[in-house]
Structure formats: C-alpha cells, structure tokens
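Chains here go by letter, A, B and C, matching the order in which they are written, and residues are numbered from 1 within each.
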Amino acid sequence: MPEVNLLICVDSLSKRFGRRKVLNELNLNICKGDFLTIVGPNGAGKTTLLRILSTLSGFSSGCITINGVDIKENPAFVRKKIGLLSHNLLLYKDLNAYENLRFYGKMYNVSLLEDKISELLEKVELDHRKFDVVRTFSRGMQQRLSIARALLHDPEIIFLDEPFSGLDVHAGRILDGILEDLKKGCHTLVMTTHDIKKGLVHANSVAVLSGSKIAYHQRENLPDLDDFNQIYSDCVRNKR
Amino acid sequence: MNYLRHVLILVQKDIVAELRTKEMLNSMLLFVLLTMVMFNFAFGSGPETETLSSGLLWISFLFAAILGLNRVFVHEKDEGCLDGLMLCSMDCSVIYFGKAISSFLFLSVAELIALPVFTVFFVRESFLSHLWILIIVLMLGNVGISAVGTLLSAISINTKARDLMLPVLFLPVIVPILVAAVKSTGLVLSFSSVGTQQFWTEIVIWLRTLVIYDIIFVLVGFLTFEYVVEE
Amino acid sequence: MRLKNGTIKRCLGITSFLGIFISLYMAFFYTPLDKNLGVVQKIFYIHFPAAIVPYFAFFVVLVCSIIYLKTRDRKWSKIAYASAEIGLVIDTALLVTGTIFDKPTWGVWWVWEPRLTTSLIMWLLYAGYLMLYYSVGEAERRSRLTAVYGIVAFISVPISFMSIRWWRTVHPIVFEPTKIALDTSMWVTTLVFLFSMTLFYAYLLGHRVDMIGLQEEIEDLKDEVED
C-alpha cells in the first residue's frame, strides 16, 4: 500500500436504536484528498453514518477521529472543518438567497464574505435570483443554494448525502463541475448515493454499506460499472 | 466577544425573517386584542372588571406568548436548519440565547403595542407617573417567559404532539411569573388607592420574585439546552 | 443477585403494609379525639405523609435526572420516571384528602391555601411530565427530554410556593388556618405513618422500575422481530 495521509478514521463504530443495530462494528478509513462514494440500499444507515461523522448524531460505541482529534471530545474542532450537504436543505425559506448565505457566513466567521457569496452564487448559477426569497425557488434551485451554503467556509472535508436527488440534468452538471473542482482542490469528499453509476464517476474510492457494516471497500483501481454492480448485489444478497 | 456576536447574528436573522412574514407578531397581537374583547363580553364592563384587569392583561400575554413560542423552533426544524446551526455555532447555548432573545423581543413588541389598547379599554385612572414600573414589570416577566418558554418549546418540538405539548409543560412552570406580574401590575394600576409606603414594600417583594425567577431559569436554560437539541 | 433483589422487595412490601396497618390502628385507637375538629382530624394522619412523600419522590426525579444526563445510564431515567409516577399518585391522594379535610373545617371543598395550592401545581407539573414521557417514541430521546423537564419542574416548585405564600400573606387572608395542636401521641402516629408510607413508596418504586425495564425489553424485541 502506498504512503497515504489518513484523515478520517472510524474504528468499530456501533449505533443502536433500542436493540436494533443500525451500524455494527463499522470500520472505515478515509485518506486526505479522497473522494469516497458510499452506496447501499435504502435504510442501510448511510445518512446515519454521515450524521455521526458530522457530529450531529451520537453513537453507542466505537471511536472516530478526524485529523487525529476524537470527534466526541472536541466536536467544535470538527465542525469548523466540515461542510454538510444533507437531504434537508438547512436553509431558511423566509430569507432570500443572499441573506441565507450571509447568515451562515457570519456564523462561520468567513472573511471577505461578500466576494465569497457572489463567487458561490455564480458557481451554482443563482446570481440572478440573489434577492429572491428561498420559498419561491424550485426544489432544484434550493438544492443548488444548499450546495453553496455547504461550501461557504471552505471546509476541508465535505459530506454529501444524496446530492443529486431532485436535480435536473443541467443542475446535475453544475454539481458535477463543482465536485470536479473540489477534487482538484485537494478537498476530501464523502458522498452517499443509491445511484451506482453516478457514484463511480468522480470517486477514487468506493464502499458498500450493507447489513450495518462496510461490506466492500476499494481504494484506487476501481472496478468498472458492471463489476461493481455485481459486487454490490453480492454484498446486498449476503446480508440476507 | 465572538460568543456575543454569534448570538446577535442569530437574533438579527430571526428579526429579518420575522419582518418579512410578520406571522408571529401579527398573530400574537391579534390574539391579545381578541382576548381582551372576549373578556369584556364574558365579564361585562363595570367597576368589578377593573379589579380583574391586571389578571386579564397577563392571561392574554401568557397565551399570546404560547402562540409565539410554539413557532420559535418551527422554522429551525422545517428544513433541518437546527443541524445547520449546530454545525456553525461554537456552542449550543448560542442557539439558546439567540432564540430566547428574539422571542423576548417579539413578545415585548406585541405587548407594548397592546398596552395602550388595554389602558383605553379597562383602565379609568391615569397611571402615567408609574408607567415606568409597569414597563419594568413587563420586561422582567418577558425575560422569565422567554427563558423558560424557549427551553420548553425546544422540548415540545421534539415530541409527537408538538405544539399541543407546550402549554401543558409551560403553564405550571410559569405560575410564579403570573402571580408576581399580576400582583405588581395590579399595584401600579391602583397605586392611588394604596398608600405610598405600602405600594413600595409590596412592589419590591414582587419585583424580587420576578428577578429571582429570571436568574434561576436563564441559568437552567443555559445549562440544560444542549441536552435538548443534541441527538 | 436476582434472588437478593426479590428478598429486599418482599421485606419492603411486608414492612410497609404492616406499618400502614399499625399506623391506621394508632390513628383510630391510640390517639385521642381532637377537641375542635372531632373525628375529621383523623384524616390528618394520612394527609401529612401524603404531603411529604411527593416532595421526596419528585426530589428523587430531580436527582436521577441529573445523574442520567451526566452518565447516560438508562437505569437512572427509569427510576426518575417511576418515581414521578408514584409521586403523582400519592399527590393525588393528598389532594383528595385535602378536599375532604377542607369541607368540614372551612365549609368549602377547596381552600387556595399555599401548601395545598403548591401541591396542586406540583400535580400539574408532573402530569405534564408523564404526558411528555408518553409523547416521545424513541427511548433515548425520551429519557433526555424528560430529564430536562424533571429538573425544570422541581426547581419551579419552591419559587411557586414562595410566590403563592406571598400572594396570600400580602393580602388579608380569608381563611386563617387554625393551628392544629398535636400532642405527643398524635405526633408519634404521624411519624409512624410517614415512615411506613415512605417504605411503601420505595416498595412501589422497585416494582415499577422492574416493570418499565420489562416493557422496554418487549419494545426492543418487537423492533428486532420487525427487522
């Protein structure tokens, strides 16, 4: 294995709701600059995993470190480093696009905020709707604004939970472009999706989450789509 | 310093959003006015209603507050904004203070608009010379209401019953505020019939109760809020 | 361990039942008849412990809630809930005996007297606590939210008492409570009753905690089967 820079280290992570184990003794290592795609069937715990990684959800046992810092002990340190695009928008519908970004930007102490906001709005092609209330946006536009919000504070690590859902072809292309840029910019990205094809486009690392465990994880030398489809269905079938 | 700045940014955000829709303010204000009118129909207008008027004032404020407090976390919960807030604030208590301060502001604005109407409807004697005491009473009452209310609103938004839960949890806890506020408002409204010395000794007791309550519950909210919003 | 637990509970049960019988006997046959109130005064012997034990029970709720939030051990939240429930039941007994006591004494069923009013507010607070408990589905979240409310509720009790007392004392009191002069035998009976009622509370608490444990186990097993 080549010399790599370990960034996120998940060690035997378990999360229980009552007696039901959503995640069971899960291990996962993510290196700096990786683009990891996690695929898995509905209800496999993809969202739960991302919520735990972004410190929004607690876990029952195990240990997670980001950059060597335990996230349970120092969540504030982790929160500054991460950007989250969840399937909730995390936007205020009664504020306009600009106000939403300005609010989050101020909370994150972003310097040169105005420039940053214009730059991001241009990137997600919403600059013409800058002063419109988010409530009047279509779902896809809201999602694009949410992407801008997640990138506002230049996070090192970006978690994306089903980012392509609700996006039309054009908006999907915008997101593709942004993801490519982030990859080039040496950001670490973790994306969940149930769309295997989309998942393979950008990733340099793929994992299958099934049966509350990481059933398959391959970094570099990724399988092609057909092989991966086969692997995926094997993983899901083995669980049953 | 940064802490305070974050609280203020949060309050500012709430004010901008509220001024755009005015949902909370309008409904609280109308509710207060409606209660007063209904009260008049229920109890008639005579000298005996005057002795009840301080109670009427606070009952209508309290129920209007419940109306407003129920909305405090609705917008945060709607699109998962609470998650966003958790990610960008350094400390959960920033969210608590931000929310408590904005509900304090909205409640105070609604009350200050309703107060002249109340005076016209229910008060015969001028209490202008003691108005400043009444304002202090209102503000102290509002601090307590929003300190407890914000915490309990965060609790009730996490239940299945949601807005049905808040009054059940909120009203028994707020009894001391109601007692102290009604008594001191009654004193201000009838200060001419109470001797000056008696007025001051009694009002001090009630203001003291309000201050004690406020301090304790701001502290409790500050210390326990993180347990309510975490997951 | 299981056996020992059961033995303790059985002992608690037997002693508390015996204690209550003895105190009832003492109340009716050992203590003299009150000069002013007559036989009605007998209700005081159950009224007094029923007033004290809820405070104790709700204090247990407070302590267990704080410990739960610190340790996250679900055991404590079960004790807190069980204690609130039993406290509420005993508080209900207090309110009922209070009204029965008031009627012949003051001529009305209810007197807004500070202590009784505080107990009423306490009843409302913990009725809210139980409602909160049943309106949160997920066990961990339920424990967290009820723990916070358990703290808020208990802290508000003394402030309520204070404000209600001033509310009465600042203005002329309509019903001046006559001091019930208790002689030694009356005090002894009251204390015996208090002691047995506290034991009875502990006995119920033990059983209720076990029951909640079983209930939650059933819920978990149901979840597992559904999976």
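One rule holds for everything that comes next: contacts are C-beta pairs under 8 Å (C-beta built on N, C-alpha and C of every residue); 3 or more make two chains touch, one makes a residue touch a chain.
Because the structure is a prediction, the values reported are computed rather than measured.
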{"item": "Arrangement of touching chains [line / ring / star / complete / other]", "value": "complete"}
{"item": "Chain closest to the assembly centre - both centres taken as Cα means", "value": "B"}
{"item": "Chain whose mean Cα position lies farthest from chain A", "value": "C"}
{"item": "Geometric centre distance via CA averages, chain C-chain B, whole Å", "value": "31"}
{"item": "Euclidean distance of C-alpha centroids - chain A vs chain B, Å", "value": "40"}
{"item": "Between chain C and chain A, distance of the C-alpha-averaged centres to the nearest whole Å", "value": "50"}
{"item": "Sites on chain B at which at least two other chains make contact", "value": "230-231"}
{"item": "Shared interface positions of chain C, touching two or more other chains", "value": "none"}
{"item": "Interface residues, chain C side, partner chain A - complex", "value": "138-140, 216, 219-221, 223-224, 227"}
{"item": "Residue ranges of chain A touching chain C (in the complex, touch as defined)", "value": "17-20"}
{"item": "Chain C residues within the chain B interface of the complex", "value": "69, 121, 124-125, 127-128, 131-132, 135-137, 141, 144-145, 147-149, 151-153, 155-156, 159-160, 162-164, 166-167, 170"}
{"item": "Touch list for chain B against partner chain A, complex", "value": "2, 6, 9-10, 13, 16-17, 20-21, 75, 78-81, 83-91, 230-231"}
{"item": "Sites on chain B touched by chain C in the complex", "value": "148, 151-152, 155, 158-161, 165, 168-169, 171-173, 175-176, 179-180, 183, 202, 205-206, 209, 212-213, 216-217, 220, 224, 227-228, 230-231"}
